[in-house]
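What follows is a single structure, written as structure tokens, with notes after it.
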Amino acid sequence: MNTPVSGKVFEVANGLHARSANDDGIADGDELLVADNVSLSFGGVKAIQNIGFDILKGEIRAIIGPNGAGKTSMLNVINGFYHPQEGTITFKGEKRSKIRPYMAASQGISRTFQNVALFNGMTTLDNIMAGRTLKMHRNFFWQMFRHGPALNEEIEHRRAVEEIIDFLEIEAIRKTPVGQLPYGLQKRVELGRALAAEPTLLLLDEPMAGMNLEEKEDMSRFILDVNSQLGTTIALIEHDMGVVMDLADRVVVLDYGKKIADGLPTEVQKDQNVIDAYLGVPH
Amino acid sequence: MFYREAGQYKTNYIADSAIFPILQDRIAIAGFLAIAFVIIPYFGNDFFINSMMIPFLIFSLAAIGLNILTGYTGQISLGTGAFMGVGAYACYKMTSIFPDVNIMIPIVLSGFFSAGVGMIFGLPSLRIKGFYLIVTTLAAQFFLEWCFIRVAWLYNYNDSGAIEVPQRELLGWIVTGASATPTTRYLVVLSVVVAMTWVASNIIHGRIGRSWMMIRDMDIAAELMGVRPLFAKLSAFAVSSFYCGVAGAMMVFFWLGAAEVESFDVNHSFLILFMVILGGLGSLLGSFLGAAFIWMLPIIIRAVPDIIGLNINAATVEHINFMIIGGLIIFFLIIEPHGLARLWAIAKQKLRVWPFPY
Amino acid sequence: MDLLYNVFVDPFAQMAALPDFLLQVLWEGFVSGTLYALIALGFVLIFKASGVFNFAQGIMVVFAALSLVGLHALGVPAILALILALAIMGVLAFSVERLVLRHLVNQPDIILFMSTIGLTYFLIGLGELIFGGEPKSMITSELGLPTGSTTFEIFDGILILQHIDIAAAVIAAILVIGLGIFFSRTRIGRALRAVADDHQAALSVGISLNQIWAIVWFAAGIVALATGIMWGARSDVSFALQIVALKALPVLIIGGFTSIPGAIIGGLIIGFGEKIFEVYWGGLLGGGVEGWFAYVIALIFLLFRPQGLFGEKIIERI
Amino acid sequence: MTQAGASLDTFPKYLLHNAERFANRDAMRHKDFGIWQCWSWAEQLTEVRAFSIGLQTLGIKEGDKVAVVGNNRPRLYWTFAAVQAIGGVPVPVYSDSVAEEMAYVLNHAEVVLAVVEDQEQVDKLLSISDETKSLKQIIYDEERGLRDYDHTHLHAYSAVRQIGLARLSEGPDVERGWLESIGRRSGKDLGVMLYTSGTTGRPKGVMLSNDNLVKSALNANKFDRLSENETTIAYLPLAWVGDHVFSYSQSYTAGFCVSCPESQDTVYSDRREIAPTYFFAPPRVFEVMLTQIMVRMEDAGAFKRKLFNYFLDHARKVGENMLDGEKVGLADRLKYYLGEFVIYGPLKNGMGLSKLRVGYTAGEAIGPELFSFYRSIGLNLKQLYGQTEACVYVTAQPDGAIRSDTVGMPSPGVEIRIEENGEIMYKSDGTFMGYFKNDEATRETKTEDGWVHTGDAGFFDADGQLKIIDRAKDVGKLKSGALFAPKYIENTLKFFPNIKEAVAFGDGREYCAAFLNIDLESVGNWAERNNISYGSYQELAAHPQVYKMMREHVDATNRRLAKEPMMAGAQVHRFLVLHKELDADDGELTRTLKVRRSFIADRYGDLIEALYDGSKERFVETEVIFEDGRKGKISATVIIADAEVYEAAEEPMKEAAE
């Protein structure tokens, strides 16, 4: 387990950033999310079959497996894009039935996508601002005049966004439209956007896909920092076993929609089922 | 070349996120406003004001409305003409029912009627996208057109089937009806357009505008960030229709003086859409540029044969105009899908980095 | 109560009372449905093969008919004019591919769609410039199409069938069958279908995307010409047709964007529906409901069955 | 605050004074979190006071040395005043120096506490904690990544500041005590210790008294009429005397605002936002800016290029005269104004120098063309000659008497004399107290009566301006007896933008020969335009085409040297293009990017030999240190080329006058 942390999010004086991670009354190490016997199919294709696992508060949980193992589908179930035909997801102790993604977001689940899904027409700054949508509430009237509360709110959140920019060291591209950025930076901006929501649970879908070594190192450092400094629980999908071994506290392995192993990275690495699965589909 | 940005540093976020952060831009805007409010009323002749400036401004406002929906939220609409009609008829009914109320009140309120109708026809946008939405908005267009003809109550059971604008005063000035001078009407229209442009710009740069753009750029990610598609899309429909409605009301009250259903037909929807495409999707400035271009082009095309001494009949000019506009739409979509506004932005960027190429 | 009576009882009473009239209405609906279906067919052809939502299909109908009539007016014999009109549609298809589509490959669908709106405007201007804006009569008899009508006595009344309408239905059927054969039996047809599924697959068949686009546009042009002749024979050839042609859009919503049978059934549903609604219920609303009936039906479909009758269910993958 | 008014001889006193007279004027700006955070003098006082008392609470007392390590950040500048206020001595250390260098300085200076920028510096200090026994505590500014460190000897700046604030709230005594402590200090006391990077041997700690700095700063302010209205951007190393004087001493004495950039990567754009009125940069910075301008113009359209060249030609013609206020014809004047609008203005705007009032370049000779370029477009760029030991100012050019080949007249309060061997000696208010714990070196440098050896050779020209030839010890003679001033030759070579660095040899040899370093940006661009492909620096440097171009440059240099009777004897007979860039990390350049000639002579002995033994090429293997600190070897076969040598121009015949 990475060092449990309490206290402030970023080193800033204005006390803006209430830590959503601590609001839910779940202590570090307790179950934050439990997937119980989840099954999902599209038409006749079974994407996920009877998968159950848990994510503990404060840990980095890796979900690995060969292509088509159902990893991304699992994330999509967790944040409400897909509704499983069977099984339940319990988040923060609450069993949930069908929810929409924006409801998952408001419960504190944020994520990044396998293929960067940024808002290409907007700048880095606006993209990260977009991550704070849920935290902004000023009504239409004030928005119309961009004065008073609406402006104050905008400024307040801009400040919070700047902290993330500082955290991710992307000052130089603050006002660049994200479409013009290289892939590695886009991934970083996407992480920034997810962080801006101050999630309790952060889902990262192959955060290092397509990156070079240096970018991977940077990204690993950011992920660890997010986990240790902000206390955010992280579930990540990753192909690079080296990265998983370095980052993850616990690993769950999927293959053909089924769970084949679950445990500490070192245990999983030695598991015969896992070795077979990976040998079968070389990476 | 004109930009001297060195030394313009921002010490707070309000200044940094200002809509015109560069001093020279603010000066230019002030200059344009001065020309619009002072020079044009003072020097412009009636033809210029009545046939060019007033319709240009009104169409700009409608184009802003459509741009909010199409350019900022990514929802395409072919019902703009009808939504303008809703505003016009609503305004007409209100002035008939409450003749003593200050004319600006029904003008603005008419936008709310339009917004309401827009939201109803926007409802299907929650389930459908793209081309499907075209059909929805066409449904609105044709259904509303039918209403404008068949619901005689809307035009006070006139035999002509047209709505005619009564004379109304504002602060002692006659602003509508036959005796209102073009300059007066122009100034009223200009004030409304400037104010509403400012409001539109505020909304777009705020949380709500951002949620529209999120939906436009990547609706899945937007939902994940907590944007409720229902709210974002309907609010875009509402605001968009509001702008179109006010534009429609002003079109009748401050420009045409009288109108029938033809003023709000599907061709007007196309006209506004062309303004938005040529001007630039997702740009307020583009709405103005597009309106100016589409509106002024025929006038220029009509004038050109005269100037060079050719005698071409009006119908031919009209046809050529169609061809040119159609051709330009395709040309722009190929060469610069972001329209005149992007060309402007590129030119501005060139000026900012002058004499360097980048 | 009156209203309820007028809505729920009276129309059916009328239908029962005058079954011959009902039949006549249904026939009219069938014919206009056929024409909607033909226009929709043009849309489907292009949409299926290139994913382009061709807003200009309506003006292509007008343009084709105008070319035919215009050429004939210049003294060209009807059959030659027909062939030349076909050639014009071919040139148009080729030009569109060359000048427009080729430059917009890989652009978002919406851009392609808007370019066809631009094309529509261009063709309106061009058509009016060349042929003038006033309505013209179709050269029905010169083309050897039947012009008379047959009257049947039935249900104590009469049913009048215009021969041209029958011809329209037959030609529509021939076109549909012909296209069906084309798509399933010919190499190019199969390639066209392949391209709808997968551009790469089409390329592997050895046909370039550009060729395919030109071909489908030409095919749509042929359909447009046929539609134009039929429609022109029933009313006049005028630009107003362009707006009517937009009704193909609701047809597509109902039938599904990619289905040829869907286009036909959708067209018929709209045709029947709007005629019956106009005749039996339109009066209640003051008439003229044909203008929007199709769209409202489409709207209802959109709300409850967005993929249409024959379209594939859209599963959004992330 | 009466103590302050009494005698303004220390910076804390100036701080108190400024907090009164300029209470609401900006004293410091820092781009942080996307905007320029500002502190007025009053706020700056509050900050300094809080931190200073915090330091006191941590046990810092009079005479304690406090290291300051990091980039230009407000809190590090505040540390200077905070330490001085309680009688300590700040010792700024180059933040890019490697651990062993830093360990030496910290040990030598007996530093007890270090205030550093971030985790990187903390890690560095912790890695040498075994060797630095005197260092007891570390304070860091940027908290990121340091949360989980053992905080027994480690403090966050903000925490120390909080301690200070808490102490202050205990009662007025605390503040009174602090003010008294400021009052106790005087101008005679040691103000700051700066370690010179030193071309040879270990760095030496230059002790500068408060008087040294205050008086030099006041003199300089007066010389250039600097007031509280100036604005500058602090981007040069904190540990360098120039920055200490420009961004600290002069700011405090004149009351102007200093702006700190967001990061090292954004200096360029941040400078543009701030638009300094008072700006210092070594020639290299100006060179880079000009190269960038030229490279970007290469890509511009033909019309723009034409316009650009046209107006720059005009500027070359009249620009400097206009700047110096000389008479220029009306037509030329109008054309220049037009040029100002079309080209010069935008160029200055692009560089962020639109508002520049006084600009200085020093540290090395600047190419005359480079220098005139900036002046001709209306920038008041001047040269100065200075040293750490003099608190910078030895000579400076007054407005209106600017020349590219001199370094100006003695600064106010400076006396200069030239020794018989050509060495320049000076004596001034800024003359340092001595080297810390190195009396021997002090004696070598500073005479009993206060004259300081500069180590540079030079002479005063007819206008009374000082002209530097070279390091006194580097000026040598060829076997023929002709004068060999390597730096002069190197600078002539470096006028060509394609040549980034040059090292000339010849002392005691038959003839003069040189190493060249290509400018990758400039030559790379040229290669791209000429379709020359290359895979690496090394490959480009050895390319025959590049050699051809270099030969042309050497030729031109020789023609130029031939025109000057004094230098004609030392034309470059042979040269080679080095296979690697001279690099400070490899010790080939100093931290201020000056060539370390003797080091290079040792390292590339083989190559030098090859220059003189007539060989056509030579294989060499060179050890390099990569950015991540790993060591490696690169090898190459370096080609040696011959150059044309020209007849010396005849001594112009003295006209039989009258």
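Every chain is named by a letter (A, B, C and D) in the order it is written, and numbering of its residues begins at 1.
Keep this in mind: contacts are C-beta pairs under 8 Å (C-beta built on N, C-alpha and C of every residue); 3 or more make two chains touch, one makes a residue touch a chain.
It should be emphasised that the depicted structure is a prediction, and the values quoted were computed from it without experimental measurement.
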{"item": "Joint neighbours of chain C and chain A, given as chain labels", "value": "B"}
{"item": "Of all other chains, the one whose Cα centre sits farthest from chain C", "value": "D"}
{"item": "Chain pair, most C-beta pairs within the contact cut-off", "value": "B-C"}
{"item": "Chain C and chain D: spacing of chain centres that average the CA atoms, whole Å", "value": "78"}
{"item": "Interchain centroid distance [CA atoms averaged], chain B/chain D, Å", "value": "57"}
{"item": "Centroid spacing, where centroids are CA-atom means, of chain B and chain C in whole angstrom", "value": "33"}
{"item": "Distance from the mean Cα position of chain B to that of chain A, given in whole angstrom", "value": "41"}
{"item": "Residues of chain C engaged with two or more neighbouring chains", "value": "318"}
{"item": "Per-residue overlap in chain A, given as positions that touch at least 2 other chains", "value": "81, 113, 158-159"}
{"item": "Residue numbers of chain D (touch at least two other chains)", "value": "34"}
{"item": "For the chain C and chain B complex, residues of the former touching the latter", "value": "53, 99-100, 103-104, 107, 109-111, 113-115, 117-126, 128-129, 133, 243, 246, 249-250, 252-253, 257, 285-289, 291-292, 295-296, 298-299, 302-303, 306, 316, 318"}
{"item": "Chain A residues within the chain D interface of the complex", "value": "3, 5, 11, 13, 125, 158-159, 162-163, 165-167, 171-172, 174, 225, 228-229"}
{"item": "Residue ranges of chain D in contact with chain A within the complex", "value": "32-34, 142-145, 147-148, 158, 262-263, 265-266"}
{"item": "Of all residues in chain A, those that touch chain B in their complex", "value": "79, 81, 100-102, 104-106, 110-111, 113, 117-122, 126, 129-131, 133-134, 136, 138, 140, 143-146, 150-151, 153-155, 158-159, 193, 197"}
{"item": "Contacting residues of chain B [partner chain A, same complex]", "value": "12-14, 16-17, 199, 202-203, 205-211, 213-214, 216-218, 220-229, 235, 282"}
